[in-house]
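Worksheet for the structure shown next.
Every chain is named by a letter (A, B and C) in the order it is written, and numbering of its residues begins at 1.
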Amino acid sequence: MARYVTQRIIYMIITLFLIATATFFLMKLLPGTPFNLEDKLTAAQKAALYEEYGLNDPLPVQYANYIFGLVQGDMGISFQFDNRKVEDLIMSRIGPSAQLGFQSLVLGTLLGLILGLISALKRNTGYDYTSNVIAILGISIPSFVFAGLLQYTFGVKLGILPVSFWDSFKHTILPTIALAIFPLATVQRFLRTEMLEVLGSDYIELARAKGLKNSVVTYKHALRNALIPVITIMGPMVVGLMTGSLVIEKIFAIPGIGEQFVRSIQMNDYSMIMGTTMFFSVLFVVVILIVDLLYVVVDPRIRLTGGKE
Amino acid sequence: MAKKDKELSKDLFQPAEVSADKSEELGRPEISYWKDSWNRLKKNKAAIAGLITLIFISFMAIFGPMMNEYDFDQADYDAKNLPPRVPGIENIEWLDWLGMNGERTVEVLGASPEDALNRGKEAFELTDDQFTYEVVREYDPDRPDPDKRWAAVAITFNDYEIRGYEDDYFWFGTDALGRDLWTRVWNGTRISLYIGILAAAIDMLIGVAYGGISAYYGGRVDNYMQRFIEILVGIPNLVVVILMIIVLDPGLIAITIALTITGWVGMARIVRGQVLKLKGQEFVLASRTLGASDSRIIARHLIPNVTGIILIQTMFTIPSAIFFEAFLSFIGLGLQPPLASLGTLIDDAFKSLQVYPYMLVYPAIIISLLMIGFNVLADGLRDALDPKMRE
Amino acid sequence: MEKVLEVKDLTVSFDTYGGKVQAVRGVSFDLYKGETLAIVGESGSGKSVTTKSLMGLIPSPPGRIEKGEINFEGKNLAKLSDSEMTKIRGKDISMIFQDPMTSLNPTMKIGNQIMEGLIKHQKMNRADAKKRAIELLELVGIPKASERINQYPHQFSGGMRQRVVIAISLACNPKILIADEPTTALDVTIQAQILDLMKDLQQKTEASIIFITHDLGVVANVADRVAVMYAGKIVEIGTVDDVFYNPKHPYTWGLLGSMPTLDSTEEELVAIPGSPPDLINPPKGDAFAPRNPYALKIDLEQEPPMFKVSDTHYAATWLLHENAPKVEPPESVKRRMKGFAKTGAAPAAGDKKGDES
């Protein structure tokens, strides 16, 4: 177990290092400079700016400074957002994003589990079909289309929920639903498949043959075994939430990391892009690590073998 | 026991002619894997509906832009923001809700309904015979929401007549630059499909080659190739795609490259898993024992047995590539004008969603139908091709 | 002898996308106290479906018991609701499954899997159930039972897992034990151990066993009576002696002819030509007729009834009708029959010490 964890953490560090390096050099490849009002600056002002941001140093020095700074949590200074530190900007935006992500994850996962369970237990009935239609719409309809639909229906037409901004809990309802639909659909489809496979397995038949009640067989034997692999889709789901948050935060004008990222892309704020990219990468890699470790803890079959195939 | 032994004629107790051929014949008729899969797919109503939808949308993507006289980049500023108008449908009253008759309904606020009406007439330059109206609410200073205190009137008028476009029919309306949305939407569909299919094809080529080589040669080769994949998997593709696009200047090729740069990993893993499984199976071992060459084993045993799974995976890749392209367009990293994809059309439409919702409707419906069609068809294919699901 | 179970005209069908499959088509048999009844037949002959109906384990939908009775202790099990069946399953009738690698819950400790039934049916508390579970594990021959009770299935070998499955099935002293090919998935040496264990346990518990298998060697080794199934019907039923020394149905001849023996090495194995019929559209008349070299014209017209051969022996073939021509079993089968007589009905001796071969 300890060896497995160490190995995984080493991989994680290599991956992050590669991402950081790639990000840095890709950014350096870009033509032009990051200052959007460049034309209006005098040569002296430009030189001062370049000096201030260390853009005159040789590339290897800049690279070393960047990596060294990253390790200490220093992501540089934003060129566009009032020259503030990138890490401070990210931290200042983390609240709404975290709340939105958490609410959607909880709502989507819970509803997904319920729908998936109903589908598997009532296979080939109206319940199953309805639940499957919801899931296929959920993975198919792009979040921005769904968000637009929600905004127009509940915000513009019915006027019962605010169309945008982030003031009260009421403001979080529409974006949460819009973002929850993807985890909901993913979990529904995954749990349904797993549950059907488990329900068809020999050990479930043996459990029935013991004379256990249907509810005991379903929840104690089947659901437990079907839930374990659901942990593995947490990784893709977090990526889905990150992707979704860019769009949803833009549409609903939520002051989160995603909205800031989209703006920094539109304004060519390279240090902000690099910083947010690293932030997303770290988040993703850590989630994957937690998921893998959790899996080892939860599934007794993996515990003793020390690693999984 | 044999009491109900009535008068059974003795002839019946003569040996019957049962040929060996006939006894074999009586079993179930043999059907090939692909035929059997096709039969199963045909029974899946959702998958067939998806297939028909996709065929229809592809047809429209190819021929739709030629169906009227407008070009996708032909701007006419006077004709901007015109609502949809379709000949035939415009005169059928019970189809008015479709909003395809060139009419617009605008809610105008004022101190009183009369005031609102006058403001509306002035703003849209309407004469008395050009509109109908309905009072939405009277002025009431006690309402809690300040925006709702004003009186409101809904004015309905035919935008085409007022702006002198009586003879024009923009089936899906026009955009903010007066370009015909019908042509743009189908053009955009064409580009979205092109990116989706191209990205899926490149993913397939790289993924199959990588996974196949890794699994077939095994050993150290496999080991190194897998380590590389493990590192790639650790990188969120969102990050890779965004970085690539920023570096490569948005465009058709850049988007396709960005989508495929890590996209093939999923395919490579699936193919590797499948080939590893097949490699250990008896029929491959038997063939090897009999002295079959590598190329023969690959061509005769491995490829036919992984085709199904490659097909399924590709069918899932296409919609996700289409989605990602639209997503990139939406966050401002998509195609540059005048080129349009479904994603850029939706992005544009969002800018005026509250005033001109029809601009969002058609590209949104088409991209949703495309995604649903591919996903449903892929689901159906998986159920039809996966031998595990067979009874 | 005391009758424990009576099955009358049991008919079970499944709805599939190709049509209605008539998996079991009017099966009748009795089971007596303390005996072992073997049901043999090739895959798809309906033997597993028959026994699953006894347990009320037919998945429904798509399966259903169309008609027939399963009489056990004054109740017709075919008519009981699922919740009523849960009081009988695992307590009065229990089951051993074919593949020990997949029939234990992978995420539950062995001990809990045994204790579940005890707590439910015997109303034991956890401590007593645990004590009993350890006893059961010792009974089925698992060493260090008190330690292994806290382990997971993947920590056991295949043979050991099958012993655990047997312990689970014996937990509540069932009156009937159904063993669905319990040794098929095991190594030959382990097979013999498990068979010995089952015979031993049967003597201790006096349970009746229904033993499903397609291996005639195993039948001769463990069974008192044999029922041969073909295409959803019992075609011949009798004591082991009846069926091995004096088989009457051409299908039974075919099965015996296709069975390898140790003492007749020069013997060629005789395969039964063709494949079993499509049970979506069962053929008219005798389902075996198309594969039967002795088929009569009437076989293609009418289904044969059960003809009585002796008090214990019945077979469903028109060859037993008084008007039928006298037909002798093929030479190879006759030689085998004689062989069984010589070695004392132990063609399975080879199986028991399978490591010799």
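One rule holds in what follows: a contact is a pair of C-beta atoms (placed from the backbone, for glycine too) under 8 Å apart; a residue touches a chain by one contact, two chains touch by 3 or more.
Here the structure is a predicted model, which means the values were calculated and not measured.
Undergrad: Tell me the shape of the graph of touching chains, choosing from line, ring, star, complete and other.
TA: Shape of the chain contacts: complete, all pairs touching.
Undergrad: Please flag the chain sitting at the greatest distance from subunit A, going by CA centroids.
TA: Farthest from subunit A by mean C-alpha position: C.
Undergrad: So what's the Cα centroid distance for subunit B and subunit C, whole Å?
TA: Distance between chain centres: 52 Å.
Undergrad: Can you work out the whole-Å distance between the CA centroids of subunit A and subunit B?
TA: Roughly 23 Å separates the two chain centres.
Undergrad: Provide the residue numbers of subunit A that touch subunit B in the complex, in ascending order.
TA: Residues in contact with subunit B: 11-12, 14-15, 18-19, 22-23, 26-27, 29-30, 136-137, 139-142, 144-145, 148-149, 151-152, 156, 163, 239, 242-243, 246-247, 250-251, 262, 265-266, 273, 277, 280-281, 284-285, 288.
Undergrad: Flag every residue of subunit C that touches subunit A in the complex, lowest number first.
TA: 55, 57, 61, 82-83, 85-91, 94-95, 97-99, 102-108, 116-117, 120-121, 152, 154-155, 165, 168-169
Undergrad: If you look only at subunit A, which of its residues touch subunit C in the complex?
TA: Going through subunit A, the ones touching subunit C are 124, 201-203, 205-214, 221, 224-225, 228, 299-301, 304.
Undergrad: For subunit B, which residues are in contact with subunit C within the complex?
TA: 1-2, 4-5, 8, 10-16, 18, 20, 22-24, 26-28, 43, 391
Undergrad: Inside the complex, what are the residues of subunit B that reach subunit A?
TA: Checking each residue of subunit B against subunit A gives 230-231, 234-239, 242-244, 246-247, 319, 323, 326-327, 330-333, 346, 350, 353-354, 357, 360, 364, 367-368, 371-372, 374-376, 379.
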